[in-house]
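Going by the order they are written in, the chains are A, B, C and D; count residues from 1 in each one.
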Amino acid sequence: MSVHQLLYLIKESFRTIKRHKGVTAISIIIMSLTLLILAVFLLVTDNMLMFMSQAREEMRIYVYLEDSLDRSVIEDYHRRILSMLEVEQVVFISKEEALLEFREELGEESDLLDALDTNPLPASFRIALKSAYKDKNKIELFASKVGGLEGVEEVRYGKDFLEKFSTIMKGFLYVDAFIGIVVILSTIFIISNAVRLSVVSRKRSIEILKLVGATNRFITTPFIFEGALQGGIASFIAMAMLFFIFLVGVKFLPELSFFSPEKAFAFILLCVLIGSAGSFTALRRFLRA
Amino acid sequence: MEERNVIGVYHLTKKYGDQYALKDVNLQVGNGEFVFLVGPSGAGKSTLLRLIYMDEFPTDGQVVAGSFVSTTVDRKKIPYLRRKIGVIFQDFKLLEDRDVFENVAIAMRVTGEKSYEIKKLVIHILTQVGLYHKRNDLPRKLSGGEQQRVAIARAIVNRPAILLADEPTGNLDPDVTEEILRLLFRINSGGTAVLMATHNLSLVENFGQRIVHLKDGIIHEDRLTGLGGNPSDKLSEYRWNRKRLDKQETTGELR
Amino acid sequence: MEERNVIGVYHLTKKYGDQYALKDVNLQVGNGEFVFLVGPSGAGKSTLLRLIYMDEFPTDGQVVAGSFVSTTVDRKKIPYLRRKIGVIFQDFKLLEDRDVFENVAIAMRVTGEKSYEIKKLVIHILTQVGLYHKRNDLPRKLSGGEQQRVAIARAIVNRPAILLADEPTGNLDPDVTEEILRLLFRINSGGTAVLMATHNLSLVENFGQRIVHLKDGIIHEDRLTGLGGNPSDKLSEYRWNRKRLDKQETTGELR
Amino acid sequence: MSVHQLLYLIKESFRTIKRHKGVTAISIIIMSLTLLILAVFLLVTDNMLMFMSQAREEMRIYVYLEDSLDRSVIEDYHRRILSMLEVEQVVFISKEEALLEFREELGEESDLLDALDTNPLPASFRIALKSAYKDKNKIELFASKVGGLEGVEEVRYGKDFLEKFSTIMKGFLYVDAFIGIVVILSTIFIISNAVRLSVVSRKRSIEILKLVGATNRFITTPFIFEGALQGGIASFIAMAMLFFIFLVGVKFLPELSFFSPEKAFAFILLCVLIGSAGSFTALRRFLRA
């Protein structure tokens, strides 16, 4: 393809957009709205995943110590646990600190602790594991290892909660993935069909171009360029609308966070690809027939 | 001999369903020849032309256009055939969303011609068909005859080796018809072979040339007007044609 | 006098942009009259017809078709005007997704005619234009002339009070042309007023009738053929054409 | 319009669908997918609202009684409270029952209650209010009324929680309404544009019909019929797909429930209306021009 021709074809795609203002506008709006729905889905998923990883992040293992244990032994244990491969951080919590924390936890009902004569709570280590070891089986292994230490009363890590949490999360992931597949497929389908209808509406032009000696490349180039442009514009609009929605939503759920710039950029890039690929496949079928 | 013919049609048969549109048609058009194709409505004229520019393919037999052979052609190469053939379609086939200038220019755009070359030639040809003042109008704003002239301009702007004209003057008044005819003859004398389907018998007689008469998909007659002549002897035909044309041009008989 | 005219055009002007397509045109067509409208390409013939079937409205002046007056007509009533006017469009305007039968039948469907009535009449008219065997084909499968005959059939199937024919024989060979002409005359003798735009001068001369000559949007001449007239104008030209054609036909040179 | 004509027009719409199989299929698929997204949204909202009303349903007011109170007084209070206008149900919880419940609540950590010598928990009434009185202000009024009784130590109804819950729910409702508006508008827009493109692709036919004397009603009737049919089919498909998704989702969230048959039917009916209205408006604009 000569430079003249390429320049002509690029100009041509802009001219086509201008000529078919109405159809182009309709198809960009359809695309933006569909992409907005996709983007809402992605943002919700993104936040959910972040929440989950944060919950994992905050997971702690409690090692309860017998009251009889010597301070020097406790310090030795502290060092030993800290040097273990799996461990990220260890905090020692004395009996008094434990009681204070418990009082806080009870909140309004803390007054019933006033009835206590002695402090029934044990001292403990609060251990944060490295991410790589936050697996149910690895935690269990670690727990039994630490539990074997002399003078350790009990190791707790919310086994029940952990199991329940991971079931719920698995459920969420399944449902989310299912909806995700539906939404993503719908998006691709709706976009490529919007593009296809615009190809169909220019069927006669395409036939005539073929009759006057245009190669397939000559015919497809402006369409692909147009598709990419439409995809880019539509995804940009969708992102902008999503950001607006986010600004409203964040007032009620301050924990929400928006896409990172990289993710937003990747989204737009992907839509440019979907747009041009949509044009291309719609045309290919068409040019063969 | 093969080299001298730019169009060769051999035992050509085309069926639609179980209806024959063309039946064992044989026709050769020499380099630079001018041939009228006449015959009643539904005779198969447009079908024959469609097979030559390879929009459709034969049910049986073979079509050769330039160096392209219907039985062996690579479909990806067909655009290059189309660039060597100018076609004036019976239903014009103009691009509805582009103006007159672009409708003519497109035939050159596809070849990758330079913009200023295109501009020069398109303006020249639009002036010749009397539509320079309509160059920025969309086809739907043109009268029937104006649309037809745009179609003609597009077909000849490339100075193709072969020109297929399907009823190119059906919407034109006698004056413009004569002008267009003269234009086609000029292009023909520049070396382009012309095959023109028409119902306008007075035209055919006025500009007597080789006439191929098609009826019910069969070639009924292939002869020269006013001259008995052996149709298989292309050479004498040429000479005679040229002489007639020259005479017409010099005596200005056409006006 | 008003009652006798089914078409009345008074001081009609139509401008596109700042170009005049029609300029102060006056024309009356009487009930049952047959009028040829001739003139070069771009003269304004189709525009005049479009204004009569009220697809467009005058820039200035007035059109009266039947009991419909362009300046006062209720746009919702225009469909009822269209049912009284049969139009043969220059570009046929066939419904691409319906077969030949339905393309003709549609003109009766819109009036709410009963199915068996429609069937009877459509089959009759298709036989008359020689397309009964193509009744189940889609328009794109037809030749140019066949499509034109479908357009003709649709325009006359309703036996309209007015028939507007825009170049109805541009794609037809002389034999079919004569047949169609005879058909139009028959309809005309049944009381339908016919206004037919054409370039086919030999036709006009052969079937000498009232001729209206339009040029550059102005009526140049409105006369009866064969009657009086200045030899310097088009008349001698017409006669000459006709003689030539007659000679060709009688000597059978073309066949 | 004559009967002949109406019959013809209905037949005609079916024939048109047959003739334009491809475009019809594409537009039904676009519509089903869009409607599926809408339906997913509606189902999630429906379940959320049900969850919220259930949470409201389960809200209880606790009236803590002084240990010194006589059994006969308690029984009197029980009757008096039960006879109050706002009250749906009253349950008496003795000191022992309270301790048992607390033990259950603490779960793994309940062993620390073993250190208690006396039962520090008071006896209480657990009161369920009637729905109409579950408003923040009315609850407060009721609480002060009951709190005025002799020997009532305290009235608790999770004021903090109630406020937090109602903020979150308000937030959810806002975000949900916002997304809802986006999704509903998108749906209507996408559907009516899919229909519009199919009208545009038959622009030439419509023009020709007008030229041969068809009234606007003659032209619009088949389109409206077609639009209604497409809307009905598409929404039925969307419902079927949603039900399938629901069957998967309910495995992980057994609390999920599907639309009631009335709601599902209303949805389909609405889509029939949207389909025909889409055709109608698309055509009206077109026929005027």
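To be clear about the criterion, a contact is a pair of C-beta atoms (placed from the backbone, for glycine too) under 8 Å apart; a residue touches a chain by one contact, two chains touch by 3 or more.
All values reported here derive from a predicted model rather than from experimental measurement.
S.K.: Provide the labels of all chains in contact with chain B and in contact with chain C.
M.R.: Neighbours common to chain B and chain C are absent.
S.K.: For chain A versus chain C, what separation do you get between their C-alpha means, in angstrom?
M.R.: Between these chains, centre-to-centre, one finds 69 Å.
S.K.: Provide the C-alpha centroid distance between chain A and chain D, rounded to the nearest whole angstrom.
M.R.: 26
S.K.: For chain A and chain B, what's the span in angstrom between their mean Cα positions?
M.R.: Chain A and chain B have C-alpha centres separated by 63 Å.
S.K.: So what shape is it, when you link every pair of chains that touch: line, ring, star, complete or other?
M.R.: Graph shape here is a ring: one loop, exactly two partners per chain.
S.K.: Touching pairs of chains, which are they?
M.R.: Contact pairs between chains: A-B, A-D, B-C, C-D.
S.K.: Considering the complex alone, what residue numbers of chain C touch chain B?
M.R.: So the residues of chain C touching chain B come out as 16, 38-43, 45-47, 90-91, 141, 143-146, 148-149, 166-167, 170-177, 199, 201-202, 241, 244-245, 248, 253-255.
S.K.: Using the touch rule from the top, collect the residues of chain A that touch chain D in their complex.
M.R.: 23, 26, 29-30, 33-34, 36-37, 40, 108, 112, 114-118, 120-121, 156, 160, 167-168, 170-172, 174-175, 178-179, 182-183, 185-186, 189-190, 193-194, 196-198, 200-201, 241, 245, 248-249, 251-253
S.K.: Please output the residues of chain A touching chain B within their complex, sorted ascending.
M.R.: So the residues of chain A touching chain B come out as 1-2, 4-5, 8, 16, 19-20, 204-205, 207-216, 218.
S.K.: Which of the residues in chain C come into contact with chain D in the complex?
M.R.: Within the complex, chain C touches chain D at residues 53, 55, 76, 79-83, 87, 89, 93-97, 106-107, 109-115, 154.
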